[in-house]
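Order of writing sets the chain letters: A, B, C and D. Residues in each chain are counted from 1.
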Amino acid sequence: MVIVMKENATDCQIAQVKEKLEKWGLGIHLSQGVERTVIGAIGKKKEGMLETIEIMEGVAKVVPIIQPFKLASREFRKETSTVMVGDVEFGGEKLVIIAGPCAVENEEQMIATATAVKKAGATMLRGGAFKPRTSPYSFQGLEVEGLKILRRVSDSVGIPFVTEVVNPLDVEKVAEYSDMMQIGARNMQNFTLLREIGRSKKPVILKRGLAATVEEWLMAAEYILSEGNYNVVLCERGIRTYETATRNTLDLSAVPLVQHLSHLPIIVDPSHATGKRHLVMPLSRAGIAVGCDGLLIEVHPDPENALSDGPQSLNFGQFEEFITEIKPIVTAMGRRLE
Amino acid sequence: MVIVMKENATDCQIAQVKEKLEKWGLGIHLSQGVERTVIGAIGKKKEGMLETIEIMEGVAKVVPIIQPFKLASREFRKETSTVMVGDVEFGGEKLVIIAGPCAVENEEQMIATATAVKKAGATMLRGGAFKPRTSPYSFQGLEVEGLKILRRVSDSVGIPFVTEVVNPLDVEKVAEYSDMMQIGARNMQNFTLLREIGRSKKPVILKRGLAATVEEWLMAAEYILSEGNYNVVLCERGIRTYETATRNTLDLSAVPLVQHLSHLPIIVDPSHATGKRHLVMPLSRAGIAVGCDGLLIEVHPDPENALSDGPQSLNFGQFEEFITEIKPIVTAMGRRLE
Amino acid sequence: MVIVMKENATDCQIAQVKEKLEKWGLGIHLSQGVERTVIGAIGKKKEGMLETIEIMEGVAKVVPIIQPFKLASREFRKETSTVMVGDVEFGGEKLVIIAGPCAVENEEQMIATATAVKKAGATMLRGGAFKPRTSPYSFQGLEVEGLKILRRVSDSVGIPFVTEVVNPLDVEKVAEYSDMMQIGARNMQNFTLLREIGRSKKPVILKRGLAATVEEWLMAAEYILSEGNYNVVLCERGIRTYETATRNTLDLSAVPLVQHLSHLPIIVDPSHATGKRHLVMPLSRAGIAVGCDGLLIEVHPDPENALSDGPQSLNFGQFEEFITEIKPIVTAMGRRLE
Amino acid sequence: MVIVMKENATDCQIAQVKEKLEKWGLGIHLSQGVERTVIGAIGKKKEGMLETIEIMEGVAKVVPIIQPFKLASREFRKETSTVMVGDVEFGGEKLVIIAGPCAVENEEQMIATATAVKKAGATMLRGGAFKPRTSPYSFQGLEVEGLKILRRVSDSVGIPFVTEVVNPLDVEKVAEYSDMMQIGARNMQNFTLLREIGRSKKPVILKRGLAATVEEWLMAAEYILSEGNYNVVLCERGIRTYETATRNTLDLSAVPLVQHLSHLPIIVDPSHATGKRHLVMPLSRAGIAVGCDGLLIEVHPDPENALSDGPQSLNFGQFEEFITEIKPIVTAMGRRLE
């Protein structure tokens, strides 16, 4: 921690800061500048120290030196982690393609979708049983019935699935039925949910919050890791900005940035980010080229009659074409599809 | 719902949209413009209709006509609602002043604070027992022990208290101990929590999410109202913008805007919004002058040694001075303090 | 400047940084932490030094210590500056009320407006002769003819006026006709224009850019001051955020923040910020209560037929009522109206 | 234009809106919904009509139907435009690679850079002679001397160059010396400059403003086109968001979105967007994969000693490697490098 004193800080104020640091057992390095004094505090920091110093008389600002996340950091683990879900590997050479509808509507829909996306080349199925919806009057999902449908379909078609969990109370049940859980953007800082999932050891996709910084996102992952669950895959899905032409702004810089700061695998969701079907393909290509480990793509047998998020869903034909079109970029990046 | 067709939409595409609307039993008004056709759909809309139309061939955009919140809307209830917590009235003539520390640390701290803020003129005590923290390594609150301290202090000093609830599982317990519950910014779209609180009937402060629009905020209130709990007080606490000189940007326009759209009372939290003690006073004055029904102010016996959020907390002397300084504005607005 | 080295920085990398700093004649304080080394550089910094260090091997980050603006800073001048425009004083006890239409349309409109707003209590007239418009097909203003109208009206009614200048080439002419110039939000970083106005010595209102930080805004003021024009008044007029319910988000925290960092007077424009007439009054009250030195209010004889920005303009009756309604807040703040 | 009346709008208010529309010679389509009346206005709209209606009694909102830009729109011109600068074609099969330093420092630097980047595969040189700088105390560029250096270097090495113009007064001179002009992000709504450049017919790169929507950006292009200059190339260079881990947030969705709405070619600047050298390569790949027509890359002989923007510049060796590394993506997209 580096403490920058105000230009007109008195000797007495400087002495008080030093005294406080000494009381905490920290080492001190004093740096008398032409205009200001800067104090370096050396040693193990504890809860609230930074804030305490920040409001002392004569202090202009306090600069933390060390990143607040540890287990999620690249410094903690040099090689990129891989997360296995059955045979599917996140962070390996193969790009993971997760496809399926926003919401599970019924078994026929899911059978048709699972069969079609598997045939086209998807490695994992997605579908929401519990839906977090802005309006209390919108369709909230089939809940446990949806989980059962997903399990049956997944087993019969032979493709693992991921599904969202929104309630800490449901974690056990969702973990029991599913192959992988997902934490949605709105729940990125639902710390109760994060801890519960941390305790379950089930692989999990952690979506970035709508207005979360990369640092806050990695701190949310840290919650899960710190409970002992290391099977965390991050997912960039667009952030909220002033631009309204797309639903959100897909922040592809976050992918190499996260890879620089953390060892966790990272995938991209262009469907939710843009909310527009015609943007899904170009932004998927961009996501692969920027170096992500997988894609989350909305596919629906009949987008025009979907119960939610139709406008961004691809139908089966479009998804098949999609796989064909991304292939050259996947190859150019030295990776493979299933 | 108004459907704007593309400039080059064919007669066939227009016919398909009409057919779909008729299938749903909606009335149709066709408006043939110079460059485009616009279709008005009349009647009761259902789940997903807008999205379904949006992706039909030839459709440029669909414009919803009616606000998505009902019970929270000013159209539903013309007069401003009041919410009672014991003798304290939100939305009445008297301005509600809620004061206390970010986190409950121990009984002495709370006794001292409750006594001091009551004496200075506060009408309600605040203090966090369950703390949602960005880092898993930060102090997470005293939990149930904190609730018990708050209850004892509140009873002995004679001032009701509000405290945050972060876990749907804790709602019953927090409702049992507290006079009023608070939903923090990070949980504004934790729909499980909203529903649970909706079922409890306990008065609740609903803070605006960090990146929530006013409409989404009112939709979150709608979740609580739709479960039968009408005792909802909104709280503006700053939104996330590009500006980093303040912790968040306090959006005071939201106060009259909410009052225009909704009948719910609304208060302002300048302490969390700015994160800087020297901005608390001017923005409190501004909040009162913009027409809010109350203020949420952080007060701590010894901010320099607070376990969290020290830099924005007032000490007892500063809080007393604060009450003196806001009084003229309160009076100028035709309102009163306790 | 404080240089934080990476955790795994080598001795050689640390030595290279030290060498570079010594080559520049800077003093060095080395602080060997438990996990990292921090280097303080003492002495006069020059152009590009920070950036040069930032990309050296082994450097994690560089923290500048001193604010980049000088003449605009509170450290440069302890007392708040006042800016005089004829008898009108910005930064004094009296609140400055500037009123008038967005655009000058014709002489009758301006005579009527000037007379009405002066009678109601405004101290200065506003009106745009040169209009920066998003669309090339929108009304661009009466230009020099508009300036002449403003001058004649101002002289005959006896009220000074402020008008926007958008083109560096027009500065001389606008300075000749007007009492005060205005730099609009879109031109806050039009450095050519800033320099030109800096050379003219005419009093100027500098609006905050749509996406400008407080620091960038003060740097823009620094451009004008550094050319020798100290007659700068800042104007907060809303920033661009994700919220679309108001045109912009009025950042009232910026007022006390600017007053903390700078000695320049600051006013508030609630009309442009909100774009909604019914929000002008509550946000004006808030602006006064937060401590601003004046208000910029749009007034039009017939807002329903205004050539631009009708929806946020008050008519004469509404403006009269406006002055009556803000008076108690002005008094409560210990200030006066004309 | 579609006018949505309030739920409680009276027949008289509806009649007044109709009357106003009829006075303007517009056709009317009335749509009586279950809860609200919606009025469609048909015919040629003029200046200010929308705003006038918006503030009439009983009106809830007005929805414009037609995009405000015309000459820049895909509806105006179906095929993608190409812009030629000598032999260099923007919008053709070959990807345009523009490389060079942020600022022209001296002739040796430019000769070395031009030679190196041409050899590596760049098709155009860049370098700033006039620099818009946040601080008045920063290096402002070599100005006309810089233009002369660029011209001599460009001719001797045989590579065309683009350079920024910041002052409307300099347009003629910059047009005389350069092959292509650039309008920087801060000047995207400097309408005087846009018009001046519109009159010059010189090819121009129009960078997106820091907080500009895609619509405002295309409106800025419309200013240039409407003066008769069709040689406009757009450049996405990052927008300002709450995220501070990168300098700006590169909005790659804007590329396919612009291509959907407009016929103008579009390039990407990953150097300014991210401000970090290690992000330039992955985001360049992403830009190519999303479908852009070219890249703007900062290259400097000695980034550690650059006068500005060193941290994001590549040195010659890194640029050569850069070209090698993007090649597979270029090929995968069916395009070519020089």
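Keep this in mind: a contact is a pair of C-beta atoms (placed from the backbone, for glycine too) under 8 Å apart; a residue touches a chain by one contact, two chains touch by 3 or more.
What you are looking at is a predicted structure, and each value in this text was computed from that prediction instead of being measured.
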item	value
Chain D and chain C - chains in contact with each	A, B
Longest centre-to-centre distance from chain D, chain (CA-based)	B
Between chain D and chain B, distance of the C-alpha-averaged centres to the nearest whole Å	38
Geometric centre distance via CA averages, chain D-chain A, whole Å	31
Overlap residues in chain B, where contacts from two or more other chains coincide	211, 240-242, 244
Chain B partner contacts - residues on chain D that touch it in the complex	2, 4, 7-8, 29-36, 38, 40, 42-44, 63, 65-66, 75, 211, 240-242, 244
Touching residues (chain side chain A, partner chain D) in the complex	211, 213-215, 239, 241-246, 249-257, 260, 273-274, 278-279, 282-283, 285-291, 328-329, 331-333
List of chain C residues in touch with chain D within their complex	47-48, 51-52, 54-56, 68-69, 132-139, 166-169, 186-187, 189-192, 195, 210-211, 216, 219, 222-223, 226, 240, 277, 303-311
